[in-house]
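In what follows, structures are represented as structure tokens.
Heads up, the next two complexes both have chain A, just with different partners, chain B and then chain C.
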Partner chain A sequence: MKETLNKMLKIDRRWLFLLLTFAIIIPILKPIGIPSKSTSDAVKDIYDFIDKLPPGSTIILSLDYDPSTAPELHPQAAVVLKHAFKKNLKVIIMTFLAGSGGLIDELVRTIPTKYSKEYGRDYVLLPYMPNILAALTQMSSNIYAFYEKDIDGKPLREYEMMKNIQSYKDIACVVDITGTAILDYWVAYVGDKYKVPILGGVTAISQVGYGPYLQKKQLKGLIGGMKGAAEYERLISEVGKGTSGIDALNIAHILVIVFIIFSNIVLLILKFL
Partner chain B sequence: MKIIKKYIPLAIVFIFGMITLASYYVPHRTSEEYLEWINRWENIVSAFALFLGMISLFYVHYKKIERKVDGWGYSLFVYIGFLIIMVAAMISHGDISKGGKVTCLGWTFNNIYNPLSATMFSVLAFFIISTAYRAFRIKSTSAFMLFLAGLILMLGNIPLGEIIWDKLFSWTHITIAEIKNWIINVPSTAGKRGIMIGIAIGAAVTSLKIIFGIERGYMGKD
Partner chain C sequence: MEIILGAFVTSGLTLFIFSFLYKDNPFFKIAEHLYMGAGLAWYIQLTIYKVIIPNVWGPFRKAWENGDWFTIWMIVIPTVLGISLITQFIPRISWMSRYGFTFLMGYSAGLALPTGLSTDFMNQILGTIEPFASVLNLTTGQLLNSIILLIGTISVLFYFFFSVEHKGAIKKISNFGIYFLMIYFGASFGNTVMARFSLLYGRFDLLVRYSNAQYFYATNWIILGLVIYFIVEKFLIKKVIANNS
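Up next, the complex of A and B:
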């Protein structure tokens, strides 16, 4: 018995990897559809804020994530963009991460056409900018000092939606979806200094660290991880990748918990044998 | 020589550091114009730094290939990957899509960079599961508290966790979401606030040390 239990504790980790692989693949291939009952306050806050903006308001959507965090953050970006288009908001999409270009391209190739949105009239894409601090401080007085042209090299001022936009004073809010610390820069250099409402979307593991900002309302709302994206999708009544990925997330989380509890129970039994 | 290698860099750092620091607090048009100007210079210097970094990377991997150290074959992929993306970017003129169609660069992003980057991050999940089973041992009170907090946060983050909690602990009249929010809003926020204050003070002190020339690590070994 003791030997068996010891063998179980020292099991080849490749069996564990195989178990995890099946635990993730099976719910993706055959969705279970576990219903989510609650919506977190932080997600409700971001939804309410965007929902209450008057049609025609301009928002900045800063998408600063790369493929490594895309499974959690891409559904968030998609659902926020869909919500903005549903509310007829004008969206300025920008990025401070070089690896996000392809992901942004995927968003704007599929979502705007679904809502009959036109480039230049309803949304614009700004080019990647490496110097985030410079860009954030510069946009407080003149967006065009840094962003003279859009991603296609055309003068930004000439677009219909940019005609009345000069600086942060003309922006209703900023939504930053990121897997890095870029949200901290937006809060410190834009939200606190120029009193621009900042909303965020982060990975589930980073969500806990933004508690201080949410408590003090430096962040008006926060979407956390794939569950946050699924909750937001439920609020706007549109199923997306957040909802479809949640089944795999469920099973994987339960598997980790079961493994920890099981291994510690085996250890406890071994202690008394 | 000492003037060029030591005193001029120190003087540049001090002058520009103090002016930029002051500009942040001076709400005058001149100060804003200075910030605009220095930001442009920062972009130029960043571009040179990126170029320097690239040369350094290629040199390190060239040396590995030349000496045929263990794993030198992987160093070849640095050059191969760079060439593939460079050629694709030059063919596509830097565009990921044009006229609604994905370009050569867009294809390499969607089919090479995207899957590889996601795979590298996904490997973490497998290491987590292995560590959870083989290394997470609850042998002390603090380890138990860590496990409990982690368990509550994990259950609170998944719909299945809410269902399990309601089935087992509905008699408490407290939901898992409420407990999770309490953990995030009270002990976690308190700890995070302390860490943030510490980091901010540390960053301010280090910046002042660099501006006043006390910290000279950026100048190299000489």
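Up next, the complex of A and C:
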């Protein structure tokens, strides 16, 4: 028995990779629909904040993620944009990450038409800016000093929705979806300094580190990872990539827990044999 | 046509990288080198078209045409300082980079220090002790939470305080702080696992999408090709071993 158990512990890891592959592929091919009823307070806070904004308010949606973190953050960006359009908010979309161009393009190609939103009247796209510190501090007095033109090179001031927008004081809140530390910049240089409400969407890895900001209300709400996106989709009653990924996540997590428990039981048995 | 080609490239490179999990192979090496080379090339063209042309060359040309010397100097001086940073790679003229770095460090420190102190230091200290200012208004749960937060913050800070030897009472408090650190690292690791699985789901979702007829079964062809390669390679290796023995 000892030899069998030792063999089990030395199993080729490629078999485990294969099991994990099946655990994730099978729910994609055949969705199971595992119920997910819990909603974290941080996601509820961000939903409530946006939900309570009066129609016509302008928000900044800073999408600072690239394809490496897209599976977690793209569903978040999509669901926040959908919620904003549902509430008839005006959205200024910007980015400080060069690789996000294609992903933003994918968002604005599909979502605005679904809600009958028009470019220039309901949303605008600002070009990529490399120097985030300069941009964030300059926008406190005059957005147009940095963003004279939109992404297509047309004067920004001429758009209908930008007519009453000069600086942060005309912005209801900022939602930053990012896989980098850019959210820290928004909190420090905009939220704390100019008292603009900051809401965030981050990868699950970074989510734990923003606990102190949430506790002190420096961040008004936070969406964490694909799970956070799924919770938000449930709140706005729209199924998206977040919800469809939860099945696979649940099965994969159960598999990992089984591996950990099984290997620990085997180790304990071997120790006392 | 471009869409089908894109599907083949995307699923191909993804599967080439994943093939390393089975064993090292030339396809993985191709994908690895492409990742470095193409990524770097993309970043260079991005810097030229999204940074230098709209923020330096475009405004410079416009100011030159208008004879606006003030704007010209406002563009030239920072550009020269920025270029001076590159001179650090040339030992003979690396002294020039000091000027660029001086501005960079001064500007960054000037912005970062007061903001960092306020956001990450003062506000966090306030957040830890603020609940106790209105302790009678807290529910039992909130009071317990605040006490645990306070004890956790102080004991973890003790752990990271190395100016005093950790013995006696200090050692006990810092050891207690280790438990809070373990809880944090456990939560962080669990979230990391979830994040990695999310990224894996994203990749597999793309592979499943590109296995449709619409994309000419791109994923299926690539998998078939890789399986054939590994079978042939195993067969060839066996033959070589048999010939040598």
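Just so it is clear, the second predicted complex is superposed on the first by the 273 of 273 C-alpha atoms of A that agree within 3 Å, B and C clash if a C-alpha of one lies under 4 Å from a C-alpha of the other, contacts with A are read in each partner's own complex, and residues count from 1 in each chain.
Heads up, the rule we're going with is that contacts are C-beta pairs under 8 Å (C-beta built on N, C-alpha and C of every residue); 3 or more make two chains touch, one makes a residue touch a chain.
Fair warning: this is a prediction, and the values are worked out from it, not measured in the lab.
Taken together in the superposed arrangement on chain A, chain B and chain C clash. By the touch criterion stated above, A:F259 is placed in contact with chain B alone, chain C being left untouched. In the superposition on chain A, A:P130 makes contact with both chain B and chain C.
In the superposed model, A:G120 makes contact with neither chain B nor chain C. By the touch criterion stated above, A:V187 is placed in contact with chain C alone, chain B being left untouched.
When both complexes are overlaid on chain A, the residue A:T69 reaches chain B and chain C alike. In the superposition on chain A, A:S36 contacts chain B only, with no contact to chain C. Looking at the shared chain after the overlay, A:D105 reaches chain B, while chain C stays out of its contact range.
Number of chain A residues touched is higher for B, counting chain B against chain C. Residue contacts after overlaying the shared chain place A:T203 against chain C, while chain B stays out of touching range.
Shared interface residues of chain A (contacting chain B in one complex, chain C in the other): 17, 20, 24, 68-71, 130, 133, 137, 204, 207-209, 212, 215, 224-225, 227, 249, 252-253, 256. By the touch criterion given at the top, residues 32, 35-36, 39-40, 42-43, 46, 50, 96-97, 100, 102, 106, 109-110, 113-118, 120-121, 125-126, 128-130, 132-134, 136-138, 147, 151, 153-155, 157-163, 166, 175, 177, 181, 184-185, 188-189, 192-193, 196 of chain B touch chain A in their complex. Taken together, the chain A residues at the contact with chain B in this complex read 9-11, 13, 16-17, 19-20, 24, 34-38, 40-41, 66-71, 99, 101-103, 105-106, 109, 130-131, 133-135, 137-138, 141, 145-146, 204, 207-209, 211-212, 215, 224-225, 227, 246, 249-257, 259-260, 262-264, 267. Put simply, chain C touches chain A in their complex at residues 21-22, 43, 46, 50-51, 54-55, 108, 111, 115-116, 118-120, 123-124, 126-127, 149, 184, 187-188, 191-195, 197-205, 208. On the chain A side of its complex with chain C, the touching residues are 14, 17, 20-21, 24-25, 28-29, 68-72, 98, 127-128, 130, 133, 137, 187-189, 192-193, 203-205, 207-209, 212, 215-216, 218, 224-227, 241, 244-245, 248-249, 252-253, 256.
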